[in-house]
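Each structure below is given as structure tokens.
Both of the next two complexes hold chain A, though its partner changes from chain B to chain C.
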Partner chain A sequence: MPASTERIVGKSSKLREFKLTLLLLWKNNVSKIGLIVIAIFLFVCILGPVLAPRDPYAIDVSLAKIPPGARFWFGTDLLGRDIFSRMLHGAIISLASGLIIVGMGVFIGVTIGLISGFFHRSIGQILMRLPDIFLAFPTLVLAISLAVTFGPSLTNALIAMSLVYWPPFARLMYGETLSIMESDYVKFAKTLNQSPTRIMLRHVLPNAVSPIIIQASLDFGDAILLAAVLGFLGLGAQPPSPEWGAMVAQGRNYLFDFWWMSIIPGSAIFLVTLAFNFLGDGIRDALDPNIRRIKKAD
Partner chain B sequence: MQSNKLLEVNNLSVHFETYDGTAKVLQDVTFSIDRNRWTGLVGETGCGKSVTAFSIIKLLPISAKVVGGNILFKGTDLIGESEKSLRRIRGSEISMIFQDPSVAINPSLKIGNQITETIKIHQNISRHMAKERAAEIMKLVGLKSYCLDQYAHELSGGMAQRVMIGLGLSCNPDLILADEPTSSLDVTVQKDILALMRRLSLEYQTALLLITHDLILVAQTCQEIVVMYAGQVVERGPSGIVLKKSAHPYTRALVRAIPMVEERREYLEELPGFVPNLLYRPAGCPFEPRCTLKIAGVCERENPKEKLVGDRHYVRCHL
Partner chain C sequence: MIRLLFKRLMLTLVVIWGVTTVSFITMHVLPRDVASAMVGPNATPEQLEKFRHDWGLDRPISEQYFNFYSRILKGDLGTSIRTHRSVVTELVDHFPATFELALAALLFGLIMGIPLGVFSALHRNKWFDHFNRVYSLLGVSIPNFWLGLLLLFFFYFKLNVFLPGHLSMHISLKRITGLVVLDSILRGNFRAFVDAVRHLVMPSFAVGLAVTGYISRQIRTSMIEILESDYIRAAKSRGIPFSVVLFKHALKNSLIPTVSILGVLVGRLLSGAIVAEVIFAWPGIGYVAYLSILKADQPMILGFTFFVAIVYSIVTFFVDITYGLLNPKIRHAMR
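Let's look at the complex of A and B:
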């Protein structure tokens, strides 16, 4: 083999694959929109508190209920707080909620699914009844009842939502584990005397990652929405926290007179949720080996 | 002096529990493998070749049960061995090479990591040493060292099979079970791989059990042949004798079915019929329904016992 081929083949193929994934996401118009919106959202999350023109907590009743305009871009709320500044401050709460919920969901779900799949003849049978029980309830109802039981606070709401979010990941991981356990490379690893832990972590887990990533990215928008719903119901972030869902709740009684108080934060939740769904779809397509192969050929 | 027999399989019977009943997949399988020799295990699809190999390494599926017999490896019975000591044997004393190398290597780990990890499991050496050893192995199996940084899907079938041989040999086993190692490769690559395996088995003093349905391959490479039919060993012995003076009608039929270049024949002889259903094993010789030489009143009633017909040449037939 000539030296030039050697260089191409040998160099970090992981980076190449990552670049290809990004390229595929960018080429797809739907996921491109998602990417742009999410980029803005992330920018707001990180720099929002710095960019905010006013103190999000400063109450001045004389400035209450001012419609959107040059002075207050998104208007002010009942207590005269600047909605634009509040939203800039609140973005990070949504992002963090989404990350924590999905992160915990993936962690619990993958752990239980992997162990159940690995020992599917013994403890797996018992362990996998757990997600069945959780899945028997509608997600939202279960999240609300858990959050009520724990008491209204952002931390409790996050715990409640994480507990609701893991079962699909457990089912997914369980199925993946079962099929990978039957593969020749796991059998081969066994003939080479690799330990069960090693087979679990080095052979099963890395090969099950791709469906988990797709599921996580599809669920991310849902998780942000669910966090906002709990905030709206008063079970999540408590006032005066500028959480978007809570802001929608505060304006809901004045929807016809002072529409901006609810509609603007509501639209933000809508846009971000939609963007994450778009991105999730895009990631699913981008990680599809068939589509990948065709694109690689171009 | 140690006995020359590395592995002895005596009267091994394995049953599978299925929804339709018990399938008697292996019945009274007896054969042995000598040190440093190649033994070919031939038979048609579903006759229990792979099950035999997996019984030796004790990685049978859960539904399978060893109901009788023993497997002596260097004098110790593997059937009764604890999982702990079995794991010591797997990989370091007996290793296995699979049929389709492209799916038998973990697709999401670099080749180099897989080799170094395997070495580290068996030998207590530093990561650096293991890496050096991995590079040596790559050289040994005729691959460039940059393959260590590649993934399985970046290799061709022949290259992947070389990696697998390298992995199998990495811990210097005494016995390699090769389950159709060349079936998924084309003929020229097949030749290279076999030459490589031959060279390495001589160098490392390794015995090899070649499981295949390719009789010519066995004739060319193995000193011993074990012919299986429907879960039984029907004939075994030194390969020259078994192929030239086949005593069992099944082996004869197999030999006759080999195409020859010198004598052009109009038709290739074939063996009519199918392998019996292992769920409903006939009482007599399993080959009786397809046999052209059957003795009426004997063959369908009684399963023949194995008998010695020549120098280390055993056959299981009433004739």
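Let's look at the complex of A and C:
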């Protein structure tokens, strides 16, 4: 078969596989709910600041502590700021945190895993001890420690979380690289004396992309939750930022008198994390070869 | 076996070396004035100078690295800025409370998770299985600080059944182990026992909910695999009652892979405990860490991180060894 035909066949079958995955996700009630909630969340992230009825930072003490109602849907906080508007503005912080943490985690992890796997007899042996060391800390504990060292701010918290997020990706990429290195096309490329960089970027990396993307999508909900926890502990976004975790922390001392100040922003974190985990669960199922085979036969 | 043990021990030592080095780097090499961070923002130049001298910060970096190790080997992690007590003393004082909470949460997770997993496996793809799947996903998605606030609102503020904190002020209980539920039993103090349990329920639920999900999913997966295996079919065909097959053959074997996720669970338990301790004012190391975050008490935070990493490494070491001993395949391979 000429190379060009092979590429076309390969692409169309890949497209078909992708369509099947989407279909399976939509057929699964759990992941369907996840997809719908995520769609709403993305909508809020993009249009939230436009839709917000009030200025999220406008302080008006005469409007303070108003419970949820027709005028203020989610009530107001201690300084009279509209919680609904604040949450619409804060949505993008959660989304961006998730994207940055997972994105940086993938970038660092893939780089280290790829180099370690390619030079697995020499430098890789040493480099792959790094994830072992990082995984010796529970993620949250290491993130707290780094964030404290860097000083509390959203940027520093994001750096800290990215630094704790890469080890699983490095391990995954290392394993993938090792198995791809055994394939005939990489051996062939080696006999052609192609440079290591070229082999890594042109042959190994593209073939390891899908397991990495899958893992990243499974971790997304977890990353958003971690960011919210750091925000809650006062290590992430600082006041007056409308970050959801920080809003819960600000309201928590007034829980018994003004429950809405902490409970409502917290429920948004819960819903978004749940939606991403619902979707992740559906993705895991949709890629299960047993389920795929049954559906293909239909 | 001994070779494997040795190898595993060496890895643990490498990890501990790495952990201490990471601590050293974050403390000394980052482009940040450690002395002013440690002494506090209101320090006078003389205080800063004294601090640098006391901690040997005016020495070459290699000498500092060596001194750092000799301190750690002597069990000296510095002094807390917030309380002016030794970091090690603080950690040792507060660790039992965290241990108690983590243990209660793990027990809760096992008691809830195992039956859920078994039933899900037996009724695969039926409504109970779907319910359990959603329940597990809820468990791992719920921010436990938020869950904690909800619990506080309903069970403490509205109903007043469960209480935040560790033990009520009016109850006196002399410390034996530091685990108040255990101490009250050992002392035969029934009132203290009831009080301790009322305090323990909410935080252990808040931490244990996520753990339940992990355990039930793991049990379900391994149970399904085992129920379809030949030896279960053989046992059934020999006319052994299903309950015996289920509990004696299937459940016992499906617990083995669960041991292997214990390491991950301990990480989750510790992380969860930190947040739950903050919400419920539970006086464990997580609560101490939180108070230290607020005061930028860096030696305490580093000591806390180091301590948790050591505990976590030791636990995963024993989990791996136990797994090796329990799993016949690995056990035979080691001979």
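Going forward, the second predicted complex is superposed on the first by the 263 of 298 C-alpha atoms of A that agree within 3 Å, B and C clash if a C-alpha of one lies under 4 Å from a C-alpha of the other, contacts with A are read in each partner's own complex, and residues count from 1 in each chain.
To be clear about the criterion, a contact is a pair of C-beta atoms (placed from the backbone, for glycine too) under 8 Å apart; a residue touches a chain by one contact, two chains touch by 3 or more.
Since this is a predicted model, take the numbers as computed values, not measurements.
Greater residue coverage of chain A by touch, when chain B is weighed against chain C, goes to C.
In the superposition on chain A, A:G234 makes contact with chain C only, while chain B stays out of contact range.
In the superposition on chain A, A:F270 contacts chain C only, with no contact to chain B. Applying the stated contact rule after C-alpha superposition, one finds that A:K187 touches chain B and leaves chain C untouched.
When the two complexes are overlaid on their common chain A, residue A:L24 makes contact with neither chain B nor chain C. Looking at the shared chain after the overlay, A:D132 reaches chain C, while chain B stays out of its contact range.
Using the contact criterion defined above for the overlaid structures, shared-chain residue A:L88 touches neither chain B nor chain C, since it reaches no partner. In the superposed model, A:R121 makes contact with chain B only, not with chain C. Those residues of chain A lying in contact with chain C across their complex are 30, 129-130, 132-133, 136-142, 144-146, 148-150, 152, 221-222, 225, 228-229, 232-235, 245, 248, 252, 255-256, 259, 262-263, 266-267, 269-270, 273-274, 276-278, 281. Within the complex formed with chain A, the residues of chain C that make contact are 11, 14-16, 18-19, 22, 26-27, 30, 32, 130, 133-134, 137-138, 140-143, 145-146, 149-150, 152-153, 157, 266-268, 270-271, 274-275, 278-279, 289-290, 292-294, 296, 298, 301-302, 304-305, 308-309, 312-313, 316. Of all the residues in chain A, the ones that touch chain B in their complex are 1, 6, 9-10, 13, 121, 183-185, 187-195, 198, 202-203, 206-207, 209. Looking at the complex, you find that chain B touches chain A at residues 57, 59, 62, 87-88, 90-92, 94-96, 98-100, 103-109, 117-118, 121-122, 144, 146, 149-151, 154, 164, 167-168, 171.
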